[in-house]
Structures are given as structure tokens and as C-alpha cells.
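Following this line, the structures themselves.
Shared chain: subunit A. Partners: subunit B in the first complex, subunit C in the second.
Right after this comes the complex of A and B.
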């Protein structure tokens, strides 16, 4: 009888503890190592950025409401590859449609969703982070998103912003305030912008935690730029979701983060394009080469790997399908063409860096599945690229380097 | 040449090549035999490299690794060397597969090769001591692998490598591993570590008994191989000996010869900063008097090309002070004017040099250009009448020559006569260079390069630039390049960071650049082109 009672209370206690635990949270281990726990189990984010815009449409297309349900076709392919998470930058306009996508992916394929918000980064003429009314507007937008989807079992975490921190340096989407304008020193101006922006993010993070204790909140950040200010101004975010394009490896990223802002890291956007801008032809191998190498480094730095930094939670590679609208986004005719032009240069992707003006990054060719103009069940046919298979094989057997024996 | 002679030449070359290749194969076969018969481990792994070269020449990486593995099974005493060579083979193989884009093998076998590399290098390290070069090379291969991958082991393996090299240096008789390690570290940008190793290497090869000419030969050998880091380390010791041996009359020509050797010269190995270091020793030893006009010009020009403009200006001034009648005097005065005005933001001082040249009766390129710059500075200050006088004087003085400078002056005159503003790019450069509030545009964020410099009249010269901008991720900042100044016939579009032009006449051409982003000026740059 006593034994039965003990067992009953033990079960009760365990259930109560399980119920009290958030659905997803970050566990801090020894030596500043971190692990993501989802539904009680450690989880490595094997993710992909998801924006299934069909050929001929642009970013304004509401794919969430597409009657052909692209996420069902994609979810199956993703599941077969081993993907367990999608990252979307911002939910669509219809909450019911968004809810359905999150449910379909989770119920049918076990794929979780990371939801984000741009925090007004694309506002024209500028994102006025120094303006209280602007801040309130986007804070409300985020909190509405959290209220709408926090109870969905498929939701994994929230990401606030993307590469918004670059605007604090003053070169892209620049913004200011009266107070900043009064400061003559450009370096101090930058510091002021970072403090304003990260405090704004922190304020939202705190509000989310009150509303939804069940999901971590990430600070979206381009590279590690400005994180020394986030240390003071955004202590309430749970993790950093970094956007990194460093070619074959992430360099000393994991160690540097530990030194500047000791939070876990999710590689929220990384990858490589599949077009050789120098030879002017598709090169699936080049993309597969970079992605395999990047995933290897992600795995080296996951928690409990004694050789890495242990602060990485996984990543979301950019991206699931090509997007044909991106090169010339103002011309609807160009959205029907798979453009081979490049808008930016990155020397870390060295195979095609000798392209004209060194512009080697082909924005329309980042998909690990290509799109065909041919349709199947109302959707552009998906054609997995080599990276799909190479990363799939890597995930099946993510071989760590041989264990250290003595000093190397 | 007769056909028969040609045939003989072709045949003999073919035979020679065949003979050479056959000799190499034979040597490799001999080496293979020696390796297989090894009775005990030898720390420097003799013969392995020759055999490896033979396999690698035909890209038979797997065959060589398999051969070494079989060998290890048969003869345990070769294991440390074999393991090191398996690691090295796998390292080179992975590089080869990536370079040749042999992706099937890369993706299918890459992990296995990586595992082979790491475990075999580690096995070689475990079985050897730091006194064995096999350990040094194994650690080197392991570090290169980790460094290329920028993985978690890179730092740790570099520390271990450095430690082992220090130990090795204490007892080694063969110093080549020190040099090879220094070369590789230098190639990876580990400058302070490679410098320290070159110093260690130099200490070893320079015994107190080695005579001075030997030292010079050794240093000259590394110089001609393009290994300037090592050459400089040995030349340092050589210079010390030459000075110590004295007398200064004997030492000075040696030192000036070395300063010349390292001074800036296009298309040849050179290190202007090292040249200046030697020039300073020359001055210390012999005073300023030992510098004849040619040597003084060389020193100033060397500093100008190294972009140490403030110091270059001092030596140009010194040159014209010591040798006012020098053939280099006008060029030196002109460059002093340019440096003062546009680089050091001291137009008042700069004008004096331009005025000195403008007064000259004969029309040489520097006098003509000085008239242009005097006019330009006045036009920028809205003193149009004053500017017109200089431009008109220029056109008159130039007569039918100096076509490119005359064209510029005429363009400026047209602006004044038609009451048009100074050309936008030029005006922006002058604002950024001379206005007090533009003091933060200090040329640290815009770099220019000229090739070739000096250029020949009517032949191609490329002027390129690079701007350092803040990070912007995948959102590229659109930069505008505002080129102006001596562009000759070229009018580069604003989105081009480089231009290619031809100068019709000799002289010193000055190209101005301002780089802007959508939010304003990033910085300014200048290129000084010698046309002769």
C-alpha cells in the first residue's frame, strides 16, 4: 500500500513538474553550454528558412492561404530529408491560415515553426526606432502574433528582427532621432542607435515572457555586430538568432559570441547559392559543398561536444525553394524569369568570386530545392538539389572528428 | 634552323625529359626499397617524400595511402612516418578534390579521408618526440587542416605546434622543418609566429664561423625565391656583421646596395619598409652626406610608394635643399606641393611649391601641372579671375605640348567663362580635402593602387580602389566612385571602383577619388602616377 502510494505521488509530482516546465526552453549546462529542450527532449534545430513564393509572384504573395497547400508537399520532402523546423520571417495576414500551416506541418510531419517579425525594418523612409509611437506600433504587432499562436504545439520559438542591427551603423535603412543628431561623434551616434534598438527588443522580449512563458525569445542579428551593446541593453532575450554568410565555415563565431554576449546561438540564416556567377551556370555541387561544411561546424559546436563551444542550438539554412522575384523585385515580368544576375559580393564564397565586379551571390538561387515552371497539383514542381541529399546524409551520420587523444 | 637540326633538338629534348622522368621513377623505386627494408624508425622519414611525389604526380592519393597502410602492417618501425604521410596525403587529396571539383569522391569519401588525416597525424605524434621532424610535420599538417576548417581545434593545435617547434629547435640538426613551418605560417598570415621561426632558423644556420659572403649568398638566395621575410632576417645579421667589421667606407656601399635592392620597383620583389630601415642605417653610419641626389630621390620615392607621404615629403624637401639643380628637383617640388595640399590638408604650404615651379621659364610637365593646380585651388575658392590667369598662362606656356593638362585647363576655363560650377567630382574631392569640417576624411577608408607605376606614355595604366565600409550583411551598400583629376581620355562611370587609361605625355599625374554611400562620403583617396 505504501509502495503504491509512493508511486502515485511520484507520478503526480513528475506530471506536475512536466506541466510546469515550458514547452520549449533553453537549458544552461556547465561551461556556458546550452541545449534547446522541446517537449521535454533535447532538440537540435535542423531547420530551413521557408518562403514558398511561386514562380511569377513576389514577396507579397500570401502563400499561407494558397489552396494548393505548398507546405504539405514541402513538409513531406522536408521530413524525408530530416528537417524538423521551418523558420518564417513573419506570419501571413490571416491568423487562421497561419495556424493551419503550423498545425499541418507539426501534425503530419513533426516539423515545428519558428515565427518572427521584421520589427518594421522595411518601413519607408526608415525604421524609426527612436520614435516611441513607432516602437509601440511594432511591439503591438509582435504581441498580437504571440497571443495568436503561443498555444500552437508546433511553435518552437520567436525571433525578433533579422539584420536590423545593420541599420544602427548607418549604411542600410539608416535612421536617427533628435538626440542622436545632436551628438557630433559618429561612433557615439552608432552606440546610441544600438542602445535604443536593443532596448526596444528587450522591452518586447520581457512582454513576451509575461504573455508566453512557454517559448524562448531570440534576438535576430546580422553577424555579431553590436552585440556588445545587447549585453547591456537586451539581457532578457533567451538566445541570439544570427544571420551569417561566411562561406565554408563560421570562423570563430561561437567563441566570439561567448566573449561578447554569452547566450546560446541559433544560426537563423546561412547557406550558399547554387549558381556559379563566373562560369554562368548552375552549380549544385558548390552549394552542397558549403552547406555540408557549415552543418559540420554547427554540429561541432552543439552542447556536450567537448571539443566545441557548446553554445549552438542548430540552424535554419537559407532556404527551402528558390525565389524568382528577388533579383529585380520591381518588375513583375522578371518574377517569371529565373534571373542569373547577382546583387552582392561575398569573397568567402570563393568559387565564383571572379565574376564581373566580384558579384557572386545569386539571390534567386539559394533554394535547396529548385522550382520548375512545370506545375504539379497546382504548385511549381520541386526539384531537390544536391545539397538536399548531401545534408540529408550528413544528418543521418553527422560524423564528429575523431576524439582527441592527448594534446593536438 | 635546318629541319634536321630541329628534329635533333626535339628528339634530344624528348629523350632528356624521358631520361629525367625515368631517373625520378628509378630513384623512387630505390626509395621504396629502402623504406621497406627499414630496420628502425628514423625521425626525419628519409625517402618517403620522393615516393609520395611519384604517386601524387599522377594523383594516386588512395594508392599511396593504401601502400603505406600495407607497409605499416608488414613493418612496424615505419609506422610513425607512414602515418604522417597518410595524413599529408589525405590533406592534399581533400584540397585536390575541392580544387578540381571532383565532388562525387569529395562527398562520398570526404569524411573517411578527414578521419584518416586526423587519426594518422595523431598516431604519428603519439609515436614520436618533438626532436623528430616527423612530429613537427604531423603537427603542421594537423594544424593546417583545422585552420582551413576553422574548427574548434585550430587554436589548440597551433599552440601545440608552436611548442613542439620550440622544442625541436633546441636539439635539431636539420633546420628545414623550422623554415618550412615558418613559410606555411607566414602564408596563413601568422606573421609574428613565422617571424620568430625565421629568427630561430637564422640563428641556427648562422653559426659564428659562417663567413659573411656565405651569409649574403644565403640571404640573396631567399630574396630571389621571393621569401622576403627570411631574407630580411638573414640580411639583418649580415648588415650587423658588415657594420661591425667596418670600416664605414666599405660598409656603406653594401648597405646602399641593399636599400636599393629592397626599394619599391614594379614587378620585382621589394619591401619599401625594409628598404627604409636600411636607409636609416645608412644615414646613421654615414650621415646625410652619403646620399647623392639619386639615392635621396630613391628614398623619397620609395616612401611615397609605400604611402608614407609625410616622411616622403620630408625627403623630397631635403633633396631639393641639398641638390637644387638635380634632375629630380622639379618632380620633388611638385610632389611636395601635392602632398602638402591634398594629403596633409596644408594648401598654403603646398601652393608655395606650385608657385616655385610655375615661375620657371621652361615648360616642363611639373611646371605646367603646377599652373593647373594653382588655378584649380583659386577656382575652388571662387577667385575666378586669379584662376583664369593661371589656366591661360598654362595654355600659353604649353604651346603644342602637354595635351592632357592643357585639356583640363581648357575645361576649367570653359566652366569659368560659362559661369558653370566646378566639375562635381573635383569639387567634392576638394571640399573633402581642404574644408576644415572634412577633417575626418583622412584616406584611411579608401585605398588606391596603380599598376604599372611608373607607366609609359601612351600605354595602359590601371588605377583601382577599395573602400572599407561597415558591415551590411546581404544588403549590399551601393557605392559611388567619384573620379577626377588626371584621368586623360577616360571618364569612368560612377559605379566603377577601377579605371584604365593612357597618358599621352610624361610627368606626375594626380588622380582624385571620393567614395560615397547613400548616406554620404565614406572617404577620399589619391593616386600619384609617374609617367616616364
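Right after this comes the complex of A and C.
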């Protein structure tokens, strides 16, 4: 009888403790190593950025409400590959449609959803992070999102912003304030912008924690730029979600983060395109080569791996499908064409760096599945590229490559 | 019987094979000569690949002026007149003559572990930016590209060694070479080379990556042999930039400084411009040639504006991304220059500087310098 009672109380206590734990949280291990725990189990984020815009449409297309439910077709393919998470930059306008997508993916394929918010980065003329009214507007937008979806079992975490930190350098969407304008030293101006922006993010993170203790909050950041200021101004974020395009290697990213802002990292956007801008033809091998190398390094830096820093939680590849609207955003006719033009250069993707003007990055060719103009059940037919299979095989058997002496 | 015949036939073939297997193997050559004397029969490669300001070079390959050994040595006179406007010149020994990789003519020098040569300057103090082995590209590229330098010559003969242990020498059409610049030799240079040869020395071991000692200069003075990296990586509106590495306009230290003129004409339409100091020149991460600067805690430089108020968006180290990317990057900026020399420091503590191809960089733009900018740099060094 006594034994039965003990067992009963033990079960009760375990259940109570489990109930008290957040659905998803980050566990800090020794030596500043970190692990993501979801529903009581360690989880490696094997993710992909998801924006299934069909051929002929652009980013304004509300795919969440697509009656053909692209996420059901994609979810099956993703599950077969081993993907366990999608990252979306911002939910669609209809909360019920968003809820349905999150539920469908989780219930049918076990795929979780990371939801984010741009924090007004694409506002025109500029995001005024120093303006209280601007801050309140976007804080409300984020908190409304959290309130709407925090109880969905499929939600994994929240990401605040994306590459908004570049605006503090004045390179993209530059902004200022009266106080900043009074400061004559441009280095101090830069520091002021970073402090204002990261304090704003921190303020939202604190509010989210009050509303939703069940999910971690990430600071979206381009590279590690500015994080020395986040250390002072954004201590309440749980992790950083970095956007990194460094070709085959992340270099000393993981170590460098530990030295500047000791938080876990999710590679929230990384990858490679599948078009050789020099030879002017599709090159699936090139994309597969980079993606496999990148995943290898992510795995090297997961918790408990002696090869790395132990502060990586996983990543979200950019991206699931090609997006045909991106090269020429303003021309609806161009959205129907798979453009091979390039808008930017990145020497880390060195196979085709000898392209004209070194422009080798092809925005419309980042999908690990290509789209066909041919449709199937109302959707552009999905054609997995080589990277799909290479990454799938790596995840099945993620052994590190043996270290070569004397080679970088 | 048929079986026996077959067996005998097999044995008759096997016996000579066994005998020959017991004979000592042919001796691998211990050296492969590039030049010993003008008409030496075992010379290989031809000093035909003249580069840069070719009209500034004079060569006498049968100079009898105090050869290191034998009857002749090779005399080079580099005039540093910038005859073709390049500011540098050099010579590559090729096989066959004038082969820049378009013809199949490479030697297989597998087994050699070093290249040695003797060199001296006419006066002493002449600076050769680099001596090279391999490096020819084209359809039939060399399997290695190795260099040593800068080398400051003495007025007496001195032997130099290029370590080739562990390198792939299976195809070399560019056996040896030198190049130097007018900046390093403002008055020109006369120098002599003798006894160039590859050697199979079993004592040579592959070189590990050397951690460079501090201070490690990017720029001290125009002619300083200890300068590293080449200001070759022009970016953005590169037509707006004029670089003078030998300005005598009030240098901070020594007799020269760097003068940069940014015209702000937006020649390429970028609205910004900058220069990377690279190793070797024009290396955007395609050549495995980074320095290990792990011992550095900071990089310092002195800068001043011609008027004061010129704005530099950043001074930077590292950050070149390619097949062989820099291991890290660090920067300071934006900075507004004073009219007086001011020291700027980039803190490198905690950075991974184990592999740096892009040793230094500056970037500025038209928006913050609407009238263009003239500024000066000096004493750029890792410490």
C-alpha cells in the first residue's frame, strides 16, 4: 500500500514538474554550452525558411490562405527529408489561417514553426527605432502575434527582427533621432543607435516572457555585427538568430559569439544558391556542397560536441522553394520568369565568383526544391534538388569529417 | 607435358624478373639545375617571362663580375622608371621559353625538397619583393605557387633556400622567378643571382604555418623590406582613388607616408570606394596565402586629413571571403580625421587572426565626403 502510494505521488510530482516546465526552453550546460529542450527532449533545429510563393506571384501573396494548402505537400517532403522546423519571417494577415498551417504541420508531420516579426525594418522612409510611438506600434504587433499563437503546440520560438542591426550602421534603411543628430562623433552615433535598437528588442523580449513563459525569444541579427552592444542592452533575449552567408565555413562565428555575447545561436538563415552565374547554368552540386559543409559545422558546434563551442542549437536553411519574383520585384511579368540575373556578390561562394562584375548570388535559385511551371493539385510541382538528398543523408549519419593535418 | 612446358615457359620469364628485382634501383636525381653557368649543359628553364615594367629590366646572363662559383652569374639591373606605368617588374624562368601555361612543358620534380640560389646586391640594401617557385597558371598550370620575401640583399653572396618539402612538384613550367617594386627600390637595383638549383635534401621537413612575430608591419616606409601586404584590392569607385605610397608630405615617421586622393567622381557608380591590402596582390581569397597573426593584440595606424574633417567609414583588418577566407575581421569607424596626425587602434583581443589575407583596408563614401577627400596614412602595424 505504502509502495503504491509512493509511486502515485512520484508520478504526480513528475507530472507536476513537467507541467511547470516551459514547452520549449534553453538549458545551459557547463562551459557555456546550450541545448534547446522541446517537450522535455533535446532538440536540434533542422529547419528551413519557408515562403512558398507560387510562380507568377510575389511576396505579397497570402500563401497561408491558399486553398491548395502548399504546406501539406511541402510538409510531407520535408518530413521525408528530416526537417523538423520551418521558419517564417512574419505570420500572414489572417490569424486563423496561420493557426491552421501551424497545426497542420505539427499534427501531420511533427514540424514546428518559428514565428518572427520584421520590427518595422521595411517601413518607408525608415524604421525610427528612437521614436516611442514607432516602438509601441511594433511592440503591440509582436505581442498580438504572441497572444494569438502562444498556445499552439507547434510553435517553437519567436524571432524579433532579421538583419535590422545593419540599419544602425547606416548601411541599410538608415535612421536617426534628434539626440543622435546632436552627437558629432560618428562612432558614438553608431553606438547610440545600437543601444536604442537592442534596448527596444529587449523591452519586447521582457514583455513576451511575461505573456508567454513557454517559448524562447531570439534576437534576429545580421552576422554578429553590433552584438557587443546587445550584451549591455539586450540581456533578456534567450538566444541570437543569425543570418550568415559565409560559404563553406562559418569560420570562428561560434567562438566569436561566445566572446562578445554569450548566448546560444540559431543559424536562422544560411545557405547557397543553385545557379552558376559564371557558367550561366544551374549547378545543384555547388549548392549541395555548401549546404552539407554548413550543416557539418552546425553539428560540430552543438552542445556536448568536443569539436566545437557547444553553443549552436541548429539552423534554418534558406530556403524551401525558389522564389521567382525576387530578381525584379517591381515587374509582375518578371515574376513568371525564373531569372538568372544576380544582384549581389559574395566571394565566399567562390565557384562562380568570376561572373560579370563578380555578381554571383542568384536570389531566385536558393530553393532546395525547384519549382516547375507545371502544376499538380493546383501547386507548382516541387522538384527536390541534390541538396535535399545530400542534407537528408547527412542528417541520417552526421559524422564529422576526419581532421586533415595541415589543411584548412 | 603441356603443363610442364607452360611451367618452364613461366619460369623462364620469372627468373630474369627476379634477377632484375635484386638489382639496385636507379638512383633518383639529387639535384635539378636551373642555372650554374651561362653555357652549362644541365641548365633548365629560360629567364623569358618578363613582367610588369619590362623596359626597366636589363639582364646579362653571362656576367663575369665576381660570380659565386664558375665563370658567370646573372646580373639584373632594375631601373625603377615605371616604364610601362606598373611600378613593379620581375622575371620568371620558364619551360619552354615564354610559356605562360599555354603549352605543355612542365617538369616533374617530385622528390626535390628545396630550391637554393645565391644572390647579392651591387651595393647591398636592394630589396627583392619575392622569389618564387611555380605560380604559372593557364591551361597547363603549375602544381605549386611558393614564394619567399621580401629579401633585402647584402653586398656579398648569400645563399637562400625555398622549402619545398611536402609540396606537389609534379608539374612546373615556372621554375624560378623574382619580382620587386619601385617603391621598395626608389633608386633602382642592380643585383646578381647564381647557382639556382632544386635539391633532394631528406633533412628538409614540411613547414608548418609560422606565427608571425610582432610588430608586423603593413606599412612603415616606402622602401621598408618589412612591409607586408600589397594595396591591390581596389573596390567600389576604384577610378576615384589615387594611391601614392611614397608621399613625402609631412610623414608621421620616417621619410614617406601613404597619400590617398579620393576624387568623389563616382566613376563606377558605386558612391563609395576603398582599398584592401592583400597577400599576394589581388588575392580575394582564391589563393591560400594568409599570414598567421595570432600574436597580435591590436593593429595601430596613424592618419590625418589634408583639411581635417574627412570621414573614413571604417579601417578594417580581415574580412576577405573566398575559398580561403580570412579567419576573422575587426574594424574601427566611422572616424573623422583631424588635420594633425592621430593614432587609431583596432582592438584584436579575442579575434582569430590565424589566417589573414586582407591585412588592412579603408572605405569611404561620397555621401560623407561630397567634395572628395585627401588623407594620409603611416605606420600601419600589428602589435
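Just so it is clear, the second predicted complex is superposed on the first by the 400 of 408 C-alpha atoms of A that agree within 3 Å, B and C clash if a C-alpha of one lies under 4 Å from a C-alpha of the other, contacts with A are read in each partner's own complex, and residues count from 1 in each chain.
We adopt the following convention: a residue touches a chain if its C-beta (ideal position, glycine included) is under 8 Å from a C-beta of that chain, and two chains touch if they have at least 3 such contacts.
Small disclaimer: the values here were computed from a predicted structure and weren't measured.
Partners subunit B and subunit C, once the complexes are superposed on subunit A, run into each other and clash. Looking at the shared chain after the overlay, A:267 reaches neither subunit B nor subunit C. In the superposed model, A:53 lies in contact with neither subunit B nor subunit C. Touch criterion met: A:252 reaches subunit B and subunit C at once. Taking subunit A as the reference, the larger set of touched residues comes from B, when subunit B and subunit C are compared.
Of the two partner chains placed around the shared chain by superposition, neither subunit B nor subunit C is touched by A:387. Of the two partner chains placed by superposition, A:379 touches none, neither subunit B nor subunit C. Applying the stated contact rule after C-alpha superposition, one finds that A:361 touches subunit B and leaves subunit C untouched. By the document's definition of touching, neither partner reaches A:237: not subunit B, not subunit C. By the document's definition of touching, of the two partners only subunit C reaches A:348; subunit B does not.
Counting contacts as defined above, subunit A residues 186, 248-249, 251-252, 406, 408 meet subunit B in one complex and subunit C in the other. Those residues of subunit B whose C-beta lies close enough to touch subunit A in the complex are 98, 101, 103, 106-107, 110-111, 114-115, 118-119, 122, 125-126, 139, 142, 146, 149-153, 156-157, 160, 440, 469-477, 517-519.
By the touch criterion given at the top, residues 184-187, 190, 246-249, 251-252, 255-256, 259-260, 346-348, 350, 353, 406, 408 of subunit A touch subunit C in their complex. For subunit C in complex with subunit A, the touching residues are 166, 206, 208, 284-286, 288, 311, 320-328, 332-336, 350-352, 355. Within the complex, the subunit A residues that touch subunit B are 163, 166, 169-174, 186, 222-223, 225, 243, 245, 248-252, 285-286, 288-289, 292-293, 296-297, 300-301, 307-309, 343-345, 351, 361, 363, 386, 390, 393, 397, 399, 401-402, 404-408.
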